[in-house]
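Take a look at the structures listed below.
One chain, chain A, appears in both complexes that follow, with chain B as partner in the first and chain C in the second.
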Partner chain A sequence: MKLSAPQFWRVKENQYKLVITICKNCGRKTVFKRPICPHCGSDGVEYIESAGIGVVEEFTKVYYKRDSSEDRLPEVVGVVKLREGVRVVGEIVGIRSDEVREGMEVEAVLRKYVSDEPYGIIYYGLKFKPV
Partner chain B sequence: MGVHIVGGSVIKIDRHFELGYRDLAYRVIRDCSECLDVDYVVISSTLPELSAHQVDLGTHIIQWIGRRVPVVRVESGESSGLAAVELAASLVESGRVEKALVLGVEKVTEYPTYTANYLYTLTLDYEYEVLRGVTPPAYASLAMKELIKSGVRRECFSNWAIKMHENAAVVPHAMLKFKISHDSLKDTQILADPLTLYDSFAFGDGAAAVVVSSTPNRSNSSVEIVYSNTEVGLPAYAREKISDLTASAKALKESLERFGLDLRKVVVELHDSYTPYPIAILRALRYLDSECDLSNFECLNLSGGLKARGHPIGATGVYQVYEVFKLLTSGLGGKTTSSEYGIVHSMSGPDNLSRVLVLKR
Partner chain C sequence: MEVGIRGWGTYIPRFRLSAQEVAALWGYDSKLPKALGIIEKSVAEEDEDSVTMGWYAAKVAMQRAGISGDEVDAVFFGTESKPYAVKPSATIIADALGIKKRKLASDLEFACRAAGEGVRISVGLVKSGLAQNTLVIGSDTAQANPGDLLDFTASSGAVAFVVGPGSASAAVVEASVTYVTDTPDFWRRDRSPYPEHAEIFTGEPAYFHHIVSAVKLLLEETGLKTGDFDYAIFHQPNGRFPLQVARSLGIPQEKVLPGLVTPYIGNTYNASALLGLAKVLEEARPGSRILVATFGSGAGSDAFSLVVRDSVFELVKRGPRVVDIVNSKVQISYGEYSKFRGLLLRNIGG
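This part shows the complex of A and B:
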C-alpha cells in the first residue's frame, strides 16, 4: 500500500485531535470536524475539541487478517462514548485484549496507524488506552 | 414506457484463478444470445483499479468481445450491481436506448485472502474508518452484540446461515453448495468476536448479466421493473446504534407499502453480507421477534444469499436481479413461485447506502 503525504496532511486535524461538530440547526453532535451536519444537512455548525476521555460502551476482538494488520491481531475495536456525549469508534490499545471491559474508562492517545515499510511514510493518529 | 428484464445469464461463483475480468465477462455472455443484441452496455464492477490495475474496465471489456456498443461502468461499492440495473432502466425508460445489457463482473481472488479483505474494507471510509482500524466484520460484530443485548438469541444468526446454505445447495451458480448444521458451527474461525466465518458472506469471482428492454418478451418470460428506491444512511460511527439500518428499513418499507406487499409473501433477495444485518432489517420492519422464526417467509433468499450463493462484490446485485427474474419466470434450481412480485435489496457497507428494486411478473 502506498501512503500519500498530502492526503493525510489534509485530514490531520481529525487524526491528531478529537473535534466534535455541533449543529446549530438540529442541535446534534457528531464526531469529527465536518462542514455540514450529517443528520440535517445544515452548514450552520460550530466545533469543540473533546478532552479525549470516554467510556467503552461496546467492543470486539478482531481477527480479520488483512494487509497492514498481520502483526497486531487480535486488535480490539470499540465504541467509546466521550464525556462530551458523542460516540467514536476506534482501536483500544495498551491493554491485553482479554482484559478490555465494557464501562472501562479510556483516553485518546497518539499511536501509529500504518506505514510504508520499511522506509516510507508513517501515519499516526488517535487510538484509546485505559485511563 | 415500461421497462422489462427479458433475459440474462450467470456463471458459477467460485475461485476462477484461470479467468480474469474480461474472461469472466465473455464467459457469461457467450451463450446468451439476447445479451449481445443491445444498443448500450452498463458494466458493474467495484474493485478493478485495486485488484487488476485497470481503469476504464468497461471499454476494455467491450473491445475484447469485439463490439462497438456504447459502454459505461458503474461503481457504487457493494451496491454497484443494483445501481447498474437502475441506470440501465433509466436509459430505457427515458427512450435513450431500447435495450441495454447490464454486466456485473468481479475478481476477488487475484491476491491472497488478506489482501482481498483489505480491498473489501475500502468500501468503508478510508480516512475516517479504515485508517482507524475499523473493518466490516468489526462493525458487524458490534451490531450483533447490540442485537443480542436487545434480546436476540445468538442462534438466530446461526439459523440464518443454516437456511442460506440449505437454499444454496440446489442453486447451480452458488459458491457454497453444501448444507451446514449447528454442529458444524462449533469451533469455527472467529472474525470479530462473536462474529464467525459462518456469519460472513462467501468471497468469490463472478459475472452476471441481465438484459433490460423497453419491450417485454412475447413468451411471458420477462418481468417488469416497476420501482427503484435508494436511501443513504448515516455513517455507522455517527448512529445511535450501529445496528440501526434505517436506510435499508426505510427503502424496503416504502417499496412494500407502495405496492401493498408483505415481505413474507413475495420473492425477496436481501443483502446479507453478515448475518446480523438481515436480522436487524427484518426486526426493524417488524417481521421478526426475538425468536427469529424464518419459516413464515415463502421465498426469502432462495439463492442462498450473499452468505452461501456468494458475494462477488460489484456483480452481486446483478446476480440478485437475475435470480428474482428467474424465480418469477421459469424458476431457479428447480424452485418456482406463484408470487407476482419480487424485491431485490442491496446495500454498501453497514447500510451506508441501500437500494431496492421491485420487479413484477
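This part shows the complex of A and C:
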C-alpha cells in the first residue's frame, strides 16, 4: 500500500495524543481535536489532553486485513472508556489476544500503526496496553 | 553549578524468551545459558521499535521530573536500531510527547554507548547554561542472527533520563570521563540485518580494556577509590562480563548485583547499563555514591560518578519501578519470538 506522508503529518496530533474536545455550548466531550462540536455544531470548543488511562468496555478479535500490519494478526480492537468519560476505539497490545478481558484497565502507548514496506513512511499512533 | 538526574523512566516489553529454549532449538549445550549468566530475554512485539519504547520511557522520565514539554531544551536518542536510516527518531518522540519546537534534537550512534554520550553532552549543556533540562533516551530492539550466540541475549528495552540542575535532582553527576578507540569488535554494515562480531575479541581488547580504562581515568581525575562507591554498574552484554570487570577493578559483586538486569531481560544495548542505573536509583539511599560505566563496541566507555540526593525517595514514587516491570512478564516460544521480531517471511500489504 502507498501511504501519504503529508496526510499523516496533518493529522499526527490526533494520532500521537488523546485530545478531548469539550463543547462550551452543549458541554459534551468528544474524543480527538475537532474544530466544531459534532453534537451541536458549535465552534465554541476547548481542548484537554487525556491522561490516557481507561477501561476496556468491549472488544473483538480481527483475523484478516491487508494494510501491511497483518504480521500482527490476530489483533484485538476494543472500545476503551477513558477516565475523562469519553470512549475511543483502539488496538489492545502487550497481551496475548485470548487474555484480553472486559473491565481491564489499560493505558495509551505509542506503537506502529502501519508502514509502507519496505522503504516508505512508518505511521505511529496510540494503542492501549494493560496497566 | 551542579547537574544531575531529575527524572528517569524505563520500558521493558512483557514478553520473555527463555535462554534454554534458544539453546535447545539451535543445539547448544544446556549449560551455556548459565555460563553466559542469562535466564531469559525481553522481546518487543511486531508494532514496537526503538521509537515506541523510547517514547514510553521518556514519558515516565518527564513525569518523574515533573516537567512539561516546554521545559525540555534538547532531546538525544541513543540507539543502534533506529527505524529509519535517514530521518531522526528524536523528533518523532519529541512531537509525540509535546516537547517544544525550539530545541536541540538528534539521534546518536555509538553501538551500545550512544545514550551514555548523550548524558555527558547533556551535563555539558546544562552546566554551561545552554540548556535548562535535556531528555536522553537509550532504546534498542537488539538484532541477533538467529542461532548466533547473540540470540541468547539480544533483547528489547528502553531507558530515559531528564538531566537538569542538581538542586532538583535525585542524583548529581559528580564527575564523568570518556575513553574511546578504533577497535573492530562488533559491527553491522549498511543493509545487513544482523550485526557481526569478532568472537572472543569482543572481550579483552574491547569490553574489558575500555571500561577499565574509563574507570581508572575517572578515579585519577576525582581522587576517588573503588571502595568509595556503594554501587557499581557496568554495561551488561551478558550476566558474566559485569562481574568479571568488577573483579578486575577490585569491586565486590555485592555492589554490582543490585544493578545487574541482563540475566532477567537480556542485553538491551543502549538501555543496558543505564537501566541498571535506574534500578539502583530506586533502591539507593541518599548519600550513596554510584559508579556507572557504559560500553559501546567500536569501541568506547563513559564512566560516571553519581551521588544520590534526598529527593530520590519522592521521585521513585512517581513512576513504575524497574523491579516490578522486570517481574511483570509472559513467557513466549521461539515461534512467537520469530513472529514478533519479523523473522518469518510473509507477503504483506495489498
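Criterion: the second predicted complex is superposed on the first by the 128 of 131 C-alpha atoms of A that agree within 3 Å, B and C clash if a C-alpha of one lies under 4 Å from a C-alpha of the other, contacts with A are read in each partner's own complex, and residues count from 1 in each chain.
Methods note: a residue touches a chain if its C-beta (ideal position, glycine included) is under 8 Å from a C-beta of that chain, and two chains touch if they have at least 3 such contacts.
These numbers come from a predicted model, not from an experiment.
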Superposed partners chain B and chain C on chain A - clash or fit: fit
Angle at chain A between chain B and chain C, C-alpha centres, nearest 10 degrees: 150
Residue contacts with chain A in the superposition, chain B compared against chain C: B
Partner chain in contact with A:39 - chain B first, chain C second, else both or neither: first
First (chain B), second (chain C), both or neither touched by A:7: first
Touching partner for A:79 - first (chain B), second (chain C), both, neither: first
Partner chain(s) touched by A:63 [first = chain B, second = chain C, both, neither]: first
Which superposed partner A:112 touches (first chain B, second chain C, both, neither): second
Partner chain(s) touched by A:17 [first = chain B, second = chain C, both, neither]: second
CA minimum distance (chain B, chain C), superposed complexes, angstrom: 5
Shared chain A contacts, counted only where both chain B and chain C touch the same residue: 1, 66-70, 113, 127
Chain B residues within the chain A interface of the complex: 113-115, 117-118, 121, 127-129, 131-139, 141-142, 145-146, 189-195, 234-238, 242
In the complex, chain A residues that touch chain C: 1, 12, 16-17, 49, 66-72, 93-96, 109-113, 117, 122, 124, 127
Residues of chain A that touch chain B when the two form their complex: 1, 7, 11, 14-15, 30-32, 38-39, 58-70, 75, 77, 79, 87-91, 113-114, 123, 125-127
List of chain C residues in touch with chain A within their complex: 13-14, 45-49, 51-52, 55-56, 83-84, 92, 95-96, 98, 330, 339, 342, 344, 346, 348-350
